[in-house]
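All chains are identified by letter, namely A, B and C, in their written order; residue positions are counted from 1 within each chain.
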Amino acid sequence: MRGIFCSLRQLSVTYGRGRNAALDGIDLDIAAGERLAIIGESGSGKSTLARTLGGLLPEGAKVGGEMLWPGLGHPPRPGRDFGFVFQDPGSSLNPVLTIGEQIAEGARHHLGFSWKQAYARAEELLGRVRIPQPDKAMRAFPHQLSGGQRQRVAIAAAIAAKPALLIADEATSALDVVVQAEIVRLLDGLVREDGMTLLFITHDIALASGFVDRIAVFRNARLVEAGSVRSVLSAPKSDYTAALIASHRDLTTPPLIEEVAS
Amino acid sequence: MSRLLRTPEGVIGFAILLVLLSAGLLAPILSPGDPLKIAGRALLTPFTDPAFPLGTDRLGRDVLAGLLYGARTSLAVGLAAAFSAMVLGLCVGMAAGFAGGLVDEALMRVVDAFQIVPAFLLALAFVSTIGVSTPIIVIAIALGTWADPARLTRAQVLAIREQDYVASARVIGMHPAEIAFREILPNALPPVLALSATIVAGAILTEAALSFLGLGNPNIATWGSMIAEGRSVLRSASYLSVIPGAALAMTVLGVHLFSEGLGKALGDNGARAA
Amino acid sequence: MIDTLLSIEDLSKGFSSSGRRVAALDNVSLTIAAGETLGLVGASGSGKSTLSRILLRLLAADAGSIRFEGADWLALDGAPLRRRRAHMQMVFQDPLAAFNPLATVSAVLDDPLRIHGIAAKNQRPGEIATLLERVGLTADHAARPVRSLSGGQRQRVAIARAIATRPSLLVLDEAVSALDVTVRGRILELLVDLQKEQGIACLFISHDLAVVRAVSHRIAVMDSGRIVETGPAAAVVAAPQSDAARALVAAVPRLVTDPI
């Protein structure tokens, strides 16, 4: 039985001047070392959840309820206790710093490495995230890499300081299907090897179902249901989850168009 | 508008400008007659004589009248100069942004030239060579300040041209002129308009500085000339320079606060749309 | 004999990037018949967007030809081009960026009607209402600013704007990629309906093979600026011949009830 890493009790978030809650009374436990997918469409609150956990809410946001961290014993420190991977690899990396610098920064700052040690770790991480020719890549700038490669770099930077929790906020949504599948495989591998807890936020239930342990479905700021992948997908408790599953479309789904006689 | 008034800067700025505007508009009612004519005894201190609430200057002219009519000059020149600068800047910026290539390069070198010369010195040189009538002063100030709006407009046009909605307009077959004026220009304006408030403030200060140096129109009351006149009696009757000086400072502060509030109100709008 | 509506032949386009010449399109050829949907799939960087931009005359090609409705499409310019644009329209990926931030729905729909003289001034509101209803919205959406609509609703307005001129070809560039999953299916159904009803041919561009399969008669696969495979949709999906197609088939996410 795994320990609880983070426990949310009646968590509520309202932005600045909004009347509507972005998150409304969320009760959720995140087990240590588990891979949990947060599934929701636009306006569901899934990104708000990620940002609340990561302490990235804008000024004026009101937070109610509790966030307990029994696994750590204290609120998580950015970089050291958790890493965050954003949706847009184009804007989450600093365009004027080299790749090496950006990854090394985390190790240096949180682990107290010297620059030499930090750079060595950065190069090692680039190898782990499968960037070709890591030594050359260390000196490259973000704009010289493709979107998929930039996201790998962002992941490397997020895990540089060996955090216990990795939050991926729609980390694959801006990538095409082929790259998406590669990034998901990468995340799966890294998280298993390092024993990290993974929070994978996405709108694509099928993508998540391929590798996570549990699924939590959000809708209109509320938690609709949560459970193991098998139970949620084969026996969804809520109509909304059933609708999400039904709208999934893959190559086995019958096409909408009538076949043309050739 | 309502959002503007919710910011503290917007409220204070707006209030100050409203007072200024009223002072200028109501000047003939509050102080009828020529402010430059001798009205009473010389060097009366403020608040001593109810007929002259702010006292009189060395020649016996009413300070309050001078202040109110000076407000008109400052406003009129400030607004006219800023308006001319904006219009010229918008036209040149749009032309450069749309034309591209050699035309863009040529226009930008002209903009560079005007930006390099300090605005005040340009205005000074212009007025001292050509003359001191009000229209010349307006042109002089506009020449020194049109370069910034031009550059900003061009940057806006270049950015907006790449947007999907401009491509959409081309795809549905909209004429390039219509695209320029209906799709691009209205979306390019907001930051340029925000700049206009600073230009007005600068124009008012430049006008005051020119008339302080004796290069303003001698036939009308201006705050700058009042400050200049008070220099010789600065020790004994400091109020003669301080009062118009304070009015000038308040006006510039009001304009800046107003533009801050405007920026916040517009910025808010942009952020919420995400 | 089915008419060929669009015929692209040996289209090429290169870009210079840091001193090197990159071929975004390398001798691309394809055809679309009247009333059919051709799905164009490929990973990012395969050249799909470049192709759509050249087709919509937003970008100039380096070499090659395009024949549309029997005429040389690339030779048109100025006013004649603008007039013919009524026959080829586009729906963009980002439903927010595709509209003037200041526009209302009725202004957006009025533009193509006015520019191409589809309806007289007093008839336009009626035509706008008809268009809105055709795409599953109501007439009272007309007065609302486009910004106030949801992503799915905005994309419906984009489709309404595109069909306003009664085009013979509709280009959809990742038109459903930015929409919620539950909304996507409905938009795809709308597109198939419109095609059945009005006989519009479609070029449906996406990186998601599952979405393309749902609405296309034939599929063309792009990789590094080249078309590497073409064929009937069912055949390409069931038995992909090229590496690119195989990678795309493998990458489509499937619901996995029992992960390892």
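Note that contacts are C-beta pairs under 8 Å (C-beta built on N, C-alpha and C of every residue); 3 or more make two chains touch, one makes a residue touch a chain.
All figures in this text were calculated on a predicted structure; none of them were measured in a lab.
Asks: Should the pattern of chain-chain touching be classed as line, ring, star, complete or other?
Replies: line
Asks: What pair of chains is linked by the largest number of C-beta pairs in contact?
Replies: The largest set of C-beta contacts joins the chains A-C.
Asks: Can you tell me which chain lies farthest from subunit A, using the average of the Cα atoms as each chain's centre?
Replies: The most distant chain relative to subunit A turns out to be B.
Asks: Distance-wise, how many Å sit between the C-alpha centres of subunit A and subunit B, to the nearest whole number?
Replies: 51
Asks: Between subunit B and subunit C, what distance separates the C-alpha centroids? Give it in angstrom.
Replies: From the centre of subunit B to the centre of subunit C is 49 Å.
Asks: For subunit A versus subunit C, what separation do you get between their C-alpha means, in angstrom?
Replies: 31
Asks: If I count partner chains per residue in subunit A, which residues reach a count of at least 2?
Replies: In subunit A, no residue touches two or more other chains.
Asks: Subunit C: which residues touch two or more other chains?
Replies: Within subunit C, no residue touches at least two other chains.
Asks: Could you please specify the touching residues of subunit B with respect to subunit C in the complex?
Replies: Residue positions touching the partner: 163-165, 167-175, 182-183, 186-187, 273.
Asks: Name, in rising order, each residue of subunit C that touches subunit B in their complex.
Replies: Result: residues 56-58, 82-83, 85-86, 89-90, 92-94, 97-102, 111-112, 115-116, 147, 161, 165 of subunit C touch subunit B.
Asks: Which residues of subunit A touch subunit C once you look at their complex with the stated criterion?
Replies: Listed in rising order, the residues of subunit A that touch subunit C are 41-42, 146-147, 175-181, 203-207, 209-213, 229-230, 233-234, 243-245, 247-253, 255-257, 259-260, 262.
Asks: Quick check on the complex: what are the subunit C residues that touch subunit A?
Replies: Listed in rising order, the residues of subunit C that touch subunit A are 36-37, 43-45, 150-151, 180-185, 188-189, 192, 195, 207-211, 213-218, 232-234, 237, 247-259.
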